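Below you'll find the structures, each written out as structure tokens.
Two complexes are shown next, each including subunit A; its partner changes from subunit B in the first to subunit C in the second.
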Partner chain A sequence: MSSKGVIGFAILAAMLAAALLARWIAPTDPNEQDILNGLAAPFSRGETGNVAILGTDRLGQDVLSRIIYGARVSLIVAFGAVGLSAVIGIAAGCVAGFMGRVAQSLVLTATDIVLSIPFVLLALALISALGAGIVNVIVAFAMVRWAQFARITYALALEIREREWFQACRAGGIGFGRTMLVHVLPNMSGPLLVVASLELAYAILMESGLSFLGLGVPPEVPSWGGMLQEGRNEMETAWWLTTLPGTAIMLAAIGFNFLGDWLRDRLDPGLQQVLR
Partner chain B sequence: MLAYIVRRLLLMVIVVAGVMSIIFVLQKLAGDPTLILLPVDASAEARVLLRSQLGLDRPVWQQYLAFLGRVATGDLGHSWKFNQPAAAVVLEALPRTLLLAGLALLFGIATAIPLGILAAIHRGRWVDTLATAIATIGQAIPVYWLGLLLIMVFGARLRWLPTIGGEGVAALILPTITLGVLTMARIARITRSSMLEVMGQDFIRTVRAKGMGEPNVLFKHGLRNAMVPIAVLIGLQLGSLLGGAVIVETVFSYPGVGRLAVNAVYARDFPMVQAVVLVVTVVFSLVNTLVDIICAALNPQIRLT
Partner chain C sequence: MSAPVLQVEGLSIAVRREGRRLVLTHPTNFALRAAQTTAIVGESGCGKSITALALLNLLRPPLSIAAGRILLRGDNEVQDIAALDPGSPAMRDVRGRQIAMVFQDPMTALDPVYPVGDQIAEGLRRHLNMPRAAAIERAVTLLRQVGIAAPEKRVADYPHQLSGGMRQRVMIAMAIACAPRVLVADEPTTALDVTVQAQILDLLRELQASLGMACLFITHDLGVVAEIADDVIVMYRGTIVERAPVADLLGGPRHPYTQGLLASLPPIDGSRRSLRPIPGQVRPPDEIATGCPFVDRCDRALAVCASIPPPVVALSASHSAACHALAMAG
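Entry: the complex of A and B
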């Protein structure tokens, strides 16, 4: 395994562990306030004698605990958003690739439309219409990014359509749904996993960006973007409130990007072409 | 060529119409605007009156056509917060956003192409490692966080540059770098791989064997042939720059359309949000169409697909 693959897996494993085991490994409750011990620097000993390894924020909430719990939000939103876009996009891509010219031009025009709106702006419009919140962030992401999956799926479909095994399936009378699910999808899984991995990195960046603007996850839920938003006002006095959550976001994005790169390098050359 | 241009313009019209339809659906989802426009204790009669004044009591398809008609004549709605036509407010802020995005693109190109070339000719050496590290971090760093870090270091600690809401050229430096880093990372990456591919080809060996000097080999034959994928990628950057501007402008309190949109969301000023989305999308589609037509003029193969 390449070093990129190892690093990618290590970061993803650490995030998963933090998200799943947060209750056991976080030193304190992430929302437990201790005003007397507010803005404690990393490793400093507070009034009560507790050492906050990564410091505390203005309300005295433990930064390390909030970062550990923040992994939950990032992963839930990222997997939710990418999962939803993948389901919509792959279905649309298959329709475009296998169901004739009308379906093809309808789907491709739709992808042209959504991809020509800058994503952040469309997300803003959606959130201003529906309100902030985890579900709406997921919906906003899927509303735009399904097009990415649809385009790749369509490109793969064009190749698969010409393969003999596909024509054999059709000639052998296997139903359309079964052909898609049992035969076509497994043959597309490599490139689609690459796309999904890169989209996960993108989703993490977007969620934290929207939370940073105060338009994503509500403030009482610990999230990395929300922490940055709160730390912004203490930038000159409490550097750890700005630098640490940002580092977490960046590492998570690097992890998923590396995983995607590693998967792409492992694919066979024919499939790599499609991702260009 | 003419057929291609017509087809491309037609696609642009379809795209803009599609975006307008999406906005209209969102507008309907946003709920009853009289809840925001009128005070909480307004009478039911006043609400009914305002709804009919706004045309909200007509069938949805009539509202949709009326909306399309208004947008086509440049009426993007009335900003509730600014109490003036939303289009005027957006158009006033638009040049500043385009300036920021343009500067960021220039910054990205000017740093990334030399970096990518250096990395390619010194493959495996420290320059290459550095370029790869910059590209990796640049693609994963959250832009607003980078902005905060730059403010922290150059504004608050060193006090070299104005940070938030400044005026003049100096105030543009940090936002430009912040917005341009992602573009730089992407272009550097593709420049490196494209140069590596071209420099390994037979014709490069031929010109070298004929005794041509290395700078000429590199720029006249190498870079010129490597430029096609780089140019295509540069053309694709505008969308992410306009999107990124939304966040960067908010971090630096830069008075462009992005900050306008974010503040409009806070103020629940939906007409303003919709005006920003429409105007930015139209600008973006226009530029994309132009880029596509230029590419097609330069490369006849594209016209056939």
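Entry: the complex of A and C
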């Protein structure tokens, strides 16, 4: 496995562990306030004698614990949003690729329109209409990014429908639904996985951006974007409040990007010949 | 002679282009009989492959069946395939069950993500409602029947683990799995080595004899025709120009096009003569022909050939050709 792949998997594993095991590995409750020990620098011994490894914020909440719990929001939003956009986009792409001219132009026009809308503006509009919250962030993301999946799926469909095995399925009397689910989708899975991993990185960035604007999760739920927002006023005095969650966001995005690169290299049959 | 298993009557295929309908094959009649192989010969673009696809009602827009009937004779009923909706369950029950197809390129005709056994089993499960274990067991038997060594091991192999010849054997196993009445083979040996070609042709002939299938064999290779066919249909630009039993056609071709095809092959006996290619090339199908489709390349063209479609001349009970020159001579 390439070093990119190792790094990508390591970061994904660390995030998953943080999200799943937060209750046991976080030093304190993320919302436990310790006002007397507010704005403690990393590794400093506060007035009450507690050492906060990555410091505390104005309310004395432990930054490390909040970052660990924040991984939950990032992962839920990322997988939820990418999962939803993949389901919509793959279905739309297959409709465009296999169902005839009318469906094809409808779907392709829709992707053009959707991809030309600035994502943050659309998310702002949606969330002001629907209200802030994890589910609405996911919906907003899927409403735009399904188009990415739809385009890739459409391109793959054009290729697959000319393959002889696709014809052979039809000639064998295999129904359309079964052909799609059992034969076509698995043959598309490689490129789609690559797209999904890159979209995961994008979703994490978007979630942080929306939380920073106050459009994401409610303030009492620790999230990386929200931490940036809260720490932004103390940037000059308490660097750890913005730098550390910012680093977490960056690492997560890099991790998923590396994973995507590794998958792409790994699944590209031309490259594989060379690597072996 | 027994009643034909599949009878094609007045079949014509059209393509819709920019709102216009363009006829690609002119009303075609032929019949396939049990345990007989009929070969359709012709160069690229003459309508062989779309005729094969039409038999399974597999033409996709903009192609469609414009007219005609394709009658499939079952045990006690006759079904008109051309009248069925291409996407209907009734049509899907015919495909793979009554009429099966073998494709040209074995390298791409198998789904790369499943073991070959599952792909053979899929048809058995779909058409005969076999449970998976029984279907896989049957797949092993079928693989043995098509001459694959150690079939109980090969059944779990993926297509990329097999050679081209073996894959074509797997395709044939898939096609015969449900014991279809008709096997349509669209250039099944074109993509194979010559030695493998011969093996596959032998296999097809054996299977056909033992299973009693009617076989439609699409090819442009007259050597293959000589090997496998009982009857031959020669097509040119969507029209049948000559049909005859294989010995008559290869031994005494009558239509100028068939004669041209044979004259462009080197003789097998080693005698040396210069090959005579047919001059010119096939005109695109959107040039509407009023007379004989072959008129522009024919060395015996008469004045009448350009304006009036040639009549079909019966040269014997089983040999006929569509040609003005023959009509006048006869």
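Everything below uses one rule, namely that the second predicted complex is superposed on the first by the 268 of 276 C-alpha atoms of A that agree within 3 Å, B and C clash if a C-alpha of one lies under 4 Å from a C-alpha of the other, contacts with A are read in each partner's own complex, and residues count from 1 in each chain.
Heads up, the rule we're going with is that a residue touches a chain if its C-beta (ideal position, glycine included) is under 8 Å from a C-beta of that chain, and two chains touch if they have at least 3 such contacts.
It should be emphasised that the depicted structure is a prediction, and the values quoted were computed from it without experimental measurement.
Aligning the shared subunit A places subunit B and subunit C next to each other free of steric conflict.
Vertex at subunit A: the C-alpha centres of subunit B and subunit C lie 90° apart in angle, rounded to steps of 10.
In the superposition on chain A, contact is made by A:H183 with subunit C only, not with subunit B. By the touch criterion stated above, A:E220 is placed in contact with neither subunit B nor subunit C. Touch criterion met: A:M250 reaches subunit B, while subunit C stays clear of it.
Judged by the touch definition given at the top, the superposed model places A:R170 against subunit C, while subunit B stays out of reach. In the overlay built on the shared chain, the residue A:W239 is in contact with subunit B alone; subunit C does not reach it.
Partner contacting the larger number of subunit A residues, of subunit B and subunit C: B. Here the smallest spacing between CA atoms of subunit B and those of subunit C, following superposition, is 16 Å. Shared interface residues of subunit A, touching subunit B in one complex and subunit C in the other, do not exist. Residues of subunit B that touch subunit A in their complex: 11, 14-15, 18-19, 22-23, 26-27, 29-31, 136-137, 139-145, 148-149, 151-152, 156, 239-240, 242-244, 246-247, 250, 258, 261-262, 264-266, 268, 270, 273-274, 276-277, 280-281, 284-285, 288.
Interface of subunit A with subunit C (complex): residues 100-101, 163-165, 167-176, 183, 186-187.
Partner subunit B is touched in their complex by these residues of subunit A: 109-110, 112-122, 124-130, 201, 205, 208-209, 212-215, 225, 228, 232, 235-236, 239, 242-243, 246, 249-251, 253-254, 257.
For subunit C in complex with subunit A, the residues that touch the partner chain are 56, 58, 61, 87, 89, 92-97, 100-101, 103-105, 108-114, 122-123, 126-127, 171, 174.
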